[in-house]
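These are the structures, in structure tokens.
Next come two complexes built around chain A: one with chain B, the other with chain C.
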Partner chain A sequence: MGQYLGRRALHGLVSLIGLLVLVFFLARLTGDPTNLFLPLDASLEARQEFAERHGFTDPLLTQFGRYVGDLARLDFGISIRQQRPAMDAALEAFPTTLKLAAVTMTLAIGLALVVGALAAYRPGGLFDRTANVISLAGASAPDFWVAIVGILLFAVTLRWLPTSGTGTWLHWIMPIAVLLIRPFGLLVQVVRGTMIGALSSAYVKTARAKGVKERAIIFVHALRNSTLPVITVAGDQAAAIVNGAVIVETIFGWPGIGKLMIDSIIQRDFAIVQATVLLTAVAIFSMNIVIDVAYAVLDPRIRHN
Partner chain B sequence: MPAASEPAYKEPGERQVRRAILLLWGDRFAFVAALYLLIVIFFALFGPWLLGDMATALNLRLRNAPPGSIDLGWEFILGADALGRSILARLIVASRNTMGIAAAAVALAMLCGGTLGLIAGYAGKWPGTIIMRLADILMSFPSLLLALLVLFVFEPGVKNVMIVLAITRIPIYLRTTRAEVLEIRERMFVTAARAMGAGSIRIVVRHVIPIVAPTLITIAAIDFAFVMLAESALSFLGVGIQPPEFTWGAMVALGRNYLGSAWWLAFWPGLAIMSTTLALNLLSNWARTATDPTQRWRLEVTDKQNG
Partner chain C sequence: MKGVAFRYLPMMALAVVAIQPVTAQAQEVTIVLSEEPDLLEPCQSSRSNIGRVVKQNIVETLTEINPTDGSITPRLATEWSQIDDLTWRFQIRQGVQFHDGAPLDAEAVAFAINRTMDENLDCEVRTKFFGGLTVTPTVIDNYTLEIATNSPVPILPTMMGTVAVMSPNTPMGVADRTPVGTGPYRFIDWNVGTSITLERFPDYWDGPAEVAKATFVWRSESTVRAAMVLTGEADIAPNIAVQDATDDIMDISYPNSETSRLRIDTLVPPLDDIRVREAINLAIDRDGIRGSIFSKDVIPATQLVVPSINGYNPDLEVWPYDPSRAMELLAAAKADGTNVDTEIMMIGRIGIYPNSTEVMEAMLAMLQGIGLNVKLQMLEVAEWVDILTKPYAEDRAPVLLQSQHDNNNGDAVFTAFNKYHSEGAQSTLNDPQVDDLLVRAGAATGDERRSLFQQAFKRINADLIADVPMFHMVGYTRVGPRIEFTPSISTNSELQIATIKMR
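After this line comes the complex of A and B, so read on.
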């Protein structure tokens, strides 16, 4: 098991490094930030001086070498837009997104397990058909559109919820609801699919024949065996929630890492782009290791190999 | 991964089609979804040719005309946008870009991913390892952010959006193909072919690809909806399709500015995106049940027996 985890961690580390290299060169290709930062009438000398001071005139490889050297000393660069260490800005925005993602995923997994299990209990029944169509609609809904319709309905028309910003718990409802929809829909589908398979298996028939209570059959025997695919999909969705966070944070004006990332891409604030990418990638990397551990703990086949 | 395997007995083509339609009738939701998709495909093919002028005709007197009445003409049943253009006509014309970009991106991803997967699975240890690590890099980061970065480097537009979307989807096809190839190359008929002197290329073309292809096509059908949503999100964020070209996602983005005064600008295109992805998902769900011998009976029971 230790060897298995070690190999997985090594693979993750290699992709992490590859990603950083990719983002460094991609960000440099987006164009020279000099023209964006200085006023239009700035003199040629002023532009030259600005570019030299921030090292934009050096060859790309020199810039890259400097970046790697700084990284090794845990120096993630200074944001030229905000005039402070880029990692500070990233770390400041990170908890907001993390909280949003954690609440959303907890709710999505919990709800999906209950709804999926109940739907699988009588495939083709009324509850199953309703749950199936609703969860498919959830998995199909474009999140930005759901957010817009939500604002239209609950903020503009009914005036129950604020349109954007943070502060009270009311501000949390719409972003979480919008983020929740897709993972919930996909997870219900997965839980339902694996549960239908599990409920018609031999060990469930055995349990029934022994007289085990139905509730115990659903939630102990069948559900426990369906956890592995659920963990896989939930892990994918937890990483993909960063995608949704970009959209949701932009629409609802949340100061999270998604909004910070988009803003800094638009403003060519390389240091922040790199810091946010690094932070997100490390978070996803750590989560994948937790998932691998969960796999090894839950699946005896992996544990004993 | 449900491999689309050959049926145990061959039926004449016509009977197979009839059987498929009967199975489709067994799931009313899937039946409606199939009809809807046929209409969307028809519009994607012929819409711009039929209604191209109507979708771009400005009429400033009809700016933000509300939906629900045909007094202004049937084309304004869904209202008009900020420049007085018919929303219905624009929805129909935009279906070509929306569906076309998704289809092209999926096809490109399938081709590249499939080819790389064949190489990774067949060409030995080192090329395989390198390809898989590259795929890991793509998989390890949220696809939308990667696409955002790339589209800020290269000019956004139909072609680049297509390529970027394809790149973010390649790992899926690559991994599936490689996994299948690794399994197939150990099978008896491959060993037999090699023993009879078949070269690598012949084995791949004659024995591996025919088995891998159906699986890839199944994945592509499911992936299509995802790619469509991704394109819409990019266009919504303003780095996707640029005017004068437009897609449903770009229409939602435009309508967002008029949310308080004219909700229909953003509402209809979003509904079009959602109903199309929903139809695709319903249909692929049906296909999964219909190709699974242990579940197929659910579609064969008629309503009367079902109660």
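After this line comes the complex of A and C, so read on.
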């Protein structure tokens, strides 16, 4: 197992280095930040002076050499807009996104396992059809629309919840609910599909013949064998949230890394783009390793191979 | 199971209802901005979300521009006079102290000016208002300061209304995140990503303000900002979209000093033919746009500055909607050899103002209606800025560029040179007469200055038709029922908490 993890970490490191090189050049393909940073009325001389002072007029390879040298010292540069180390800004924003992702995915996986399994127990039944409609609607609903309608209904009309912001547990409800809808909808569909297959398999029939209780058949025997595809999809969904729950962060005013990354791309704040991409990439690589380990734990065939 | 759910549901609902959202407290106000400031650097206070927090709240200026008529009033300077073409003398207000205890004197103001002009500091105020100028402050005595420039600046007192005076203990050449000034509010805390808190300064030179504490928060979505005021989570949303301004009592429209236009590239055929430019202006149904795509409160424009700006020409007339005449002009131009069938690019900027795409689509249809071969492209801000500013591509297509200009600084000089002088960074005009008028206006004072700018705008908009002026735009501020606050043209760049009264 240790050797396996080491190999995966090495793959991750190589990909990370490739990504850091790619991000440097892709970010600069968008153009010079000078025109975006300076006021529209700035003179040509002021633009030239700004670009020179920040090294944007240097040849690209010179800029790249400087970037690599800084990276070697774990210096991710200074944000031109915030005038402070880019990694500080990224590290301040990241915990918010991680918290959102952790709570959302825990709830989504837990709920989807129960609902999906129960729906698969009687395919075509009332519960199955209801779960199907809700989960498909959830997987298809645009989250910005759900968020705005949620605010208008629960904050403005009913006055049950705050419109946005952070501070109390009430502030968590709407952002989590909005974030939850899509992964929950997808995971219910995945759980349901794999559970229908599992419940018609030979080992379930054997268990029934032996008189094992239905609850144990569903939640112990069949569900455990159905979790591998669920983990794959859940990992994918979690990566999407870690990469930035941009809509939720924007609408509810949660200071997460997704909004920081998008804003810095739009403003060509290269240092923050690089720092946020690196941070999310490390998180996603780490999560992939955890998923691989979970596979190995759940499926002895993978472990022994 | 069903029974359990129904038993607990009312209790859960009650629990939620019982814990209402935290609302603003007495003597405290919450202001919701559209985005978090990147910095709280006084030198960047011309950027709206920084200015709304710091300008005239934490840091003050020597002079202040009256939002109603553009006149200059005293703030940290009590009086000023011109010594010679290159030098002005300012008397500094006595008995004023910074929030850190340092006294305000001529030395402190000289420090603030030197820090603003320091090229090691990225400073929008310097770049925007003092480009190409060398500014040298000289302390005459404790409360007298002379400010010299390397070329005549007849409106230096106006320009000092943009330079924030920060504490002399502020580091040079390093952007500030904890500003210290002389204003009615002092900086308390910036919880990055969440809020900024200011507190009333009890020793303020003009007496303590009414509001004890102000908290700034930010939400990108206009709907959310409007909802926050509606639910009492915030007291002021300085900038909400027209579609969210649905409450006649809380939503106040104000001229936001922005003027929208289509910039005509007069240097590229067929837009170098004045008949084509006139036809384009006649094809735009401004009354049709007002009250439908734009607010009913916008005012059709004749030039790029608003009426309160010194140099505005009141004699120019709004272009009528006359597509028949426009088609005649195009036919005449075609008969004289102008290739009016050339494809003209309308280039817009996504989100430059509310409904920016919709208005461009409407104008596209209007221009196609008179027979022009027009194509629309909407760009993100970065690509748009590259087209807006020089250097321009040699082989560029004829372009009508959607743009908007903000000038609430009292004088047309902040607009005219950059936009219309042949050497201006965003000019697509090359007319020696305009160049001459603008240079002379920039050096003149008083009535002569006003007259020269007015002549320049007549030349630009009536004689040369270098623009498609659209509207003097409005903004909407939502003000909650707990407070009294009236937005003005300056609300676009500052929000003076000291002017807020509790009801």
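Quick note on the criterion: the second predicted complex is superposed on the first by the 279 of 305 C-alpha atoms of A that agree within 3 Å, B and C clash if a C-alpha of one lies under 4 Å from a C-alpha of the other, contacts with A are read in each partner's own complex, and residues count from 1 in each chain.
Going forward, a residue touches a chain if its C-beta (ideal position, glycine included) is under 8 Å from a C-beta of that chain, and two chains touch if they have at least 3 such contacts.
Note that the structure is a prediction, hence the values are computed from the model and not measured.
K.L.:
Once chain A of both complexes is superposed, is A:195 in touch with chain B (first), chain C (second), both, or neither?
P.N.:
In the superposition, A:195 touches no partner, neither chain B nor chain C.
K.L.:
Would you sort A:223 into first (chain B), second (chain C), both or neither based on which partner it touches?
P.N.:
neither
K.L.:
Does the superposition put A:167 against chain B (first), chain C (second), both, or neither?
P.N.:
Touch status of A:167: second partner only.
K.L.:
Using the touch definition from the top, say if A:26 reaches chain B (first), chain C (second), both or neither.
P.N.:
In the superposed model, A:26 contacts chain B only, not chain C.
K.L.:
Please work out whether A:177 is in contact with chain B alone, chain C alone, both, or neither, and reply first, second, both or neither.
P.N.:
Touch status of A:177: no partner.
K.L.:
Answer with first, second, both or neither: which of chain B and chain C does A:123 touch in the superposed model?
P.N.:
In the superposition, A:123 touches chain B alone.
K.L.:
In the superposed arrangement, which partner chain does A:83 touch: chain B (first), chain C (second), both, or neither?
P.N.:
After superposition on chain A, A:83 lies in contact with chain C alone.
K.L.:
Quick one: classify A:100 as touching chain B (first), chain C (second), both or neither.
P.N.:
Touch status of A:100: no partner.
K.L.:
Which partner does A:250 contact after superposing on A: first (chain B), second (chain C), both, neither?
P.N.:
both
K.L.:
Looking at chain A, which of its residues have contacts with both chain B and chain C?
P.N.:
Dual-contact residues (chain A): 30, 148, 151-152, 156, 250, 266.
K.L.:
Which of the residues in chain B end up touching chain A in this complex?
P.N.:
The contact residues of chain B facing chain A are 29, 133-134, 136-137, 139-145, 148-150, 152-153, 225, 229, 232-233, 236-237, 249, 252, 255-256, 259-260, 263, 266-267, 270-271, 273-274, 277-278, 280-282, 285, 294-295, 298, 306.
K.L.:
Would you pull the chain C residues touching chain A in the complex into a rising list?
P.N.:
13, 16-17, 19-22, 36, 38-39, 41, 46, 119, 122, 124, 127-128, 131-132, 174-175, 177, 192-194, 217-221, 223-224, 227-228, 230-231, 233, 380-383, 385-386, 388-391, 414, 418, 425-426
K.L.:
Provide the residue numbers of chain A that touch chain C in the complex, in ascending order.
P.N.:
Touch residues, chain A against chain C: 30-31, 35-47, 49-50, 53, 79-84, 89, 92-93, 96, 148, 151-152, 155-156, 159-168, 170, 250-255, 259, 266, 268.
K.L.:
Within their complex, state which residues of chain A touch chain B.
P.N.:
11-12, 14-16, 18-19, 22-23, 26-27, 29-30, 123-124, 132-133, 136-137, 139-145, 148-149, 151-152, 156, 189, 196, 200, 239-240, 242-243, 246-247, 250, 261-262, 265-266, 273, 277, 280-281, 284-285, 288
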